[in-house]
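The chains carry the letters A, B, C and D, assigned in the order they are written, with residues numbered from 1 in each.
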Amino acid sequence: MKRALKPAEAAEMIPEGAVLLIGGFMGVGSPHRLIDALVERGVGGFTVIANDTARPGKDIGKLIDARLVAKCIVSHIGLNPETQRQMIAGDLEVELVPQGTLVERIRAGGVGLGGVLTATGLGTVVAEGKPTVEVDGKTYLLEKPIRGDFALIGARQCDYVGNLEYTLTAHNFNPVMAMAADTVIAEPHHIMPVGMIPPDAVKTPGVLVDHILERLI
Amino acid sequence: MDAKEVIARRVAQEVREGMLVNLGIGLPSMVANFVPDDMRVFFQAENGVIGLGQRPPDGMEDRDLTDAGGGFVTAVPGAASIDSAMSFGLIRGGHLDMTVLGGLQVDEKGHLANWMVPGKMVPGMGGAMDLVTGARRVIVAMVHAAKGDPKIVPECTLPLTALRRVSLIVTEMAVIEPTDEGLVLRERGPGVAVEDIVAATAARLIVPDEVPEMVLA
Amino acid sequence: MKRALKPAEAAEMIPEGAVLLIGGFMGVGSPHRLIDALVERGVGGFTVIANDTARPGKDIGKLIDARLVAKCIVSHIGLNPETQRQMIAGDLEVELVPQGTLVERIRAGGVGLGGVLTATGLGTVVAEGKPTVEVDGKTYLLEKPIRGDFALIGARQCDYVGNLEYTLTAHNFNPVMAMAADTVIAEPHHIMPVGMIPPDAVKTPGVLVDHILERLI
Amino acid sequence: MDAKEVIARRVAQEVREGMLVNLGIGLPSMVANFVPDDMRVFFQAENGVIGLGQRPPDGMEDRDLTDAGGGFVTAVPGAASIDSAMSFGLIRGGHLDMTVLGGLQVDEKGHLANWMVPGKMVPGMGGAMDLVTGARRVIVAMVHAAKGDPKIVPECTLPLTALRRVSLIVTEMAVIEPTDEGLVLRERGPGVAVEDIVAATAARLIVPDEVPEMVLA
């Protein structure tokens, strides 16, 4: 059984300079209240690994606006001009990674693989400086695993042991990120008693989840 | 019929019964409007749904159901939620029958550049590199020239999206197929003469004796 | 929409010598009726890739008993003395693969990765003759992807488009195998109308499934 | 108390609140019987469930809910179904707190051999190589000698399961911890003298001044 944390309590756990895996795709499925609590607290220097930085004033975009992010590893920043501005000004380091490669690198970090062998990025700037590996006459880029100090996970609901359910396009990076961090904090909309979520509906087993945020409603 | 509608209508003819299709943001997303209602096609949004549907009725929007551009969508009966690992597993594993993407440049080798303009626009590649590398058919849907500058060029000067040769280029002026021999002009746009196409194209075009006009029923 | 096949019709599709991915763990979650139909038909020479060969007279064990298997790639044959007997007699080639490596190799085949980098098997007979790759000073075995001509999938239920649900310990290799074959045949216990399976409950999207066996009950 | 019960009771003391634990087939599976009822522990069966429960009541067995040996089990409230990719992702990704496995041989380096006897028994490694490579703690639970032949040896003569040094060896005669210096005798079995242990052990044992007897409350 886990105790339901206030967003501020959860934010307190995260030290300056931490490497954060943050779920969500343009804010959909992101841990909204945790992000707000981090902005409220104002401690930063984070490395943020996520699909994107949303938009200014929205979700991960709020962390960018508040200048709490020193580096981000993302697939897309096209809809956040503030991220681009800080990048061009040299205030924010941005590593752009193809979306499929990003999710596989995080998965590799979570399931203990040594890396990812992929054709995506071959012959492009993504391949620069990276080793290639030949398998049966075909060449693949070797992309390294990614892990975080914390994974901040948005979920539809959970039970008291932390079993998580996601919905529709709010799954995205969340289930994979929940495997790839030393400490996993889940932010569910709802919390249910143990036994209310059928085993077949669980997408992230509670044993992976260290902390649960209080319910939204 | 404006240029974009010509392109979207023509690309829609490439869609076949039973296909799994990914449409990029913007112009490519218009293709769905011109696929026959009774054709069973599944549209994938790479952020997490197979069976993307139309816009929801006003007031019925679900913040957890959007397309890859963050716009509200619906899902059709028989839809499936997928996380990013499954989504890109489908794309990279060859399960996606077709992707339609915008383009900045395509060259004589059929190489596509569509994700950045150095020094001007660095949106990130999002899923584009994975889509172009992994989809069974890659269709580039774009206007033929950008403010008079040809977009179909001898060799891309912008950073490539992938080394993979795209399957087809559809513009309002022409349908062009990259082949081992080079770019073959397959069809003319409505009322467009072959000479106009050649004049608006910087790349060398292979022009067959017969170049039929697009049939946009 | 797909037509529900009789087991014998499905078996007819599978030619002599085909490479078969067969779901199940000691028979739990296996496509029982498809296996019976293959035994009934008597065409063999198959390469079977599965977790195990169950027991004599049971599930995949029936294929072994009927001598329809020329080679198997499995993690465990300890509970099937007949498999061991045929192997020792030289009638059946057996490649033993660590279970976690086996599932990742099949996943790599399904999602288009070039291989698997794993520490499992290092320093054991499993590593013999295989290349290793060093990543950040750590050594990993390079294990190759696996794909099949057919995947024979056991599922709890599906809808008419082929969306699959699995239950409890009958998941095992099924969801991963459904991504890694040219032709996927699913054997559900139940079949439901389209729209009856919520998108969030779908574990194998119907676009991956080529054929569906008639319902059991 | 017979030898197996001594071993199972002693291993059960290694289980801690909140752990995710995998128990091998046979003797290791007995450990669950001696873990306090009020201790919140999740047992994983690698074939697909977290939250393995007791045997079901007669007539209530579900053919889709078994342990890795194929025996009928139940699941506890809060259980989660997992496929083989998730199951071994947990094991190989360092999410499994402890595994308890049987052994054929363990040597002075703490290397385990437990999956084959060349020419005699080739059951396959199943999940053993993944478990020994990936679990945080690896506990070998076995009788001290096989029909008089020592199983704790200077160097394994049987094929290794992994290069990883196991965490602890528990037999009915002794608790032994592999260390950088070698095998350290930590505890004596009930009524067993140190000389008896040394005599029954082919490997060199480091014997501290004080070797307490197991406390099997």
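Worth a mention:
Rule of thumb we're sticking to: a residue touches a chain if its C-beta (ideal position, glycine included) is under 8 Å from a C-beta of that chain, and two chains touch if they have at least 3 such contacts.
This structure is a prediction, so every number in the text was calculated from the model and none was measured.
Here the chain-to-chain distance from chain B to chain D, counted in touching steps, is 2.
Chains that touch both chain C and chain D are the following: A. For the interfaces A-B and A-D, the C-beta contact count is higher for A-B. With each centre defined as the average position of its C-alpha atoms, the distance from chain A to chain B rounds to 29 Å. Here the spacing of chain A and chain C, counted between their Cα centres, is 32 Å. Chain C has its Cα centroid 35 Å from the Cα centroid of chain B. For chain D, the set of residues that touch two or more other chains comprises 49, 75, 81-82, 85, 88, 92, 134. Across the assembly, chain A contributes 104, 107, 111-113, 118-119, 166-168, 199-200 as residues in contact with two or more other chains. Contacts between chains form some other arrangement here, matching none of path, ring, star or all-to-all. In this structure, the chains touch in the following pairs: A-B, A-C, A-D, B-C, C-D.
Note for the complex: chain A touches chain B at residues 25-29, 51-52, 74-79, 84, 87, 96, 98-101, 103-104, 107, 118-126, 156, 166-176, 203.
If you check the complex, the residues on chain C that touch chain B are 1, 107, 109-113, 159-161, 163, 179-180, 194-195, 199-200, 202, 205-208.
Residues 20, 40, 42, 49-51, 75, 77-82, 85-86, 88-90, 92-95, 134 of chain D touch chain A in their complex. Of all residues in chain B, only 45-49, 62-66, 68-70, 75, 81-85, 88, 91-92, 121-130, 133-134, 159-163 touch chain A in the complex they form.
Listed in rising order, the residues of chain C touching chain A in the complex are 104, 108, 111-119, 133, 135-136, 138, 140, 142, 144, 165-168, 199-201.
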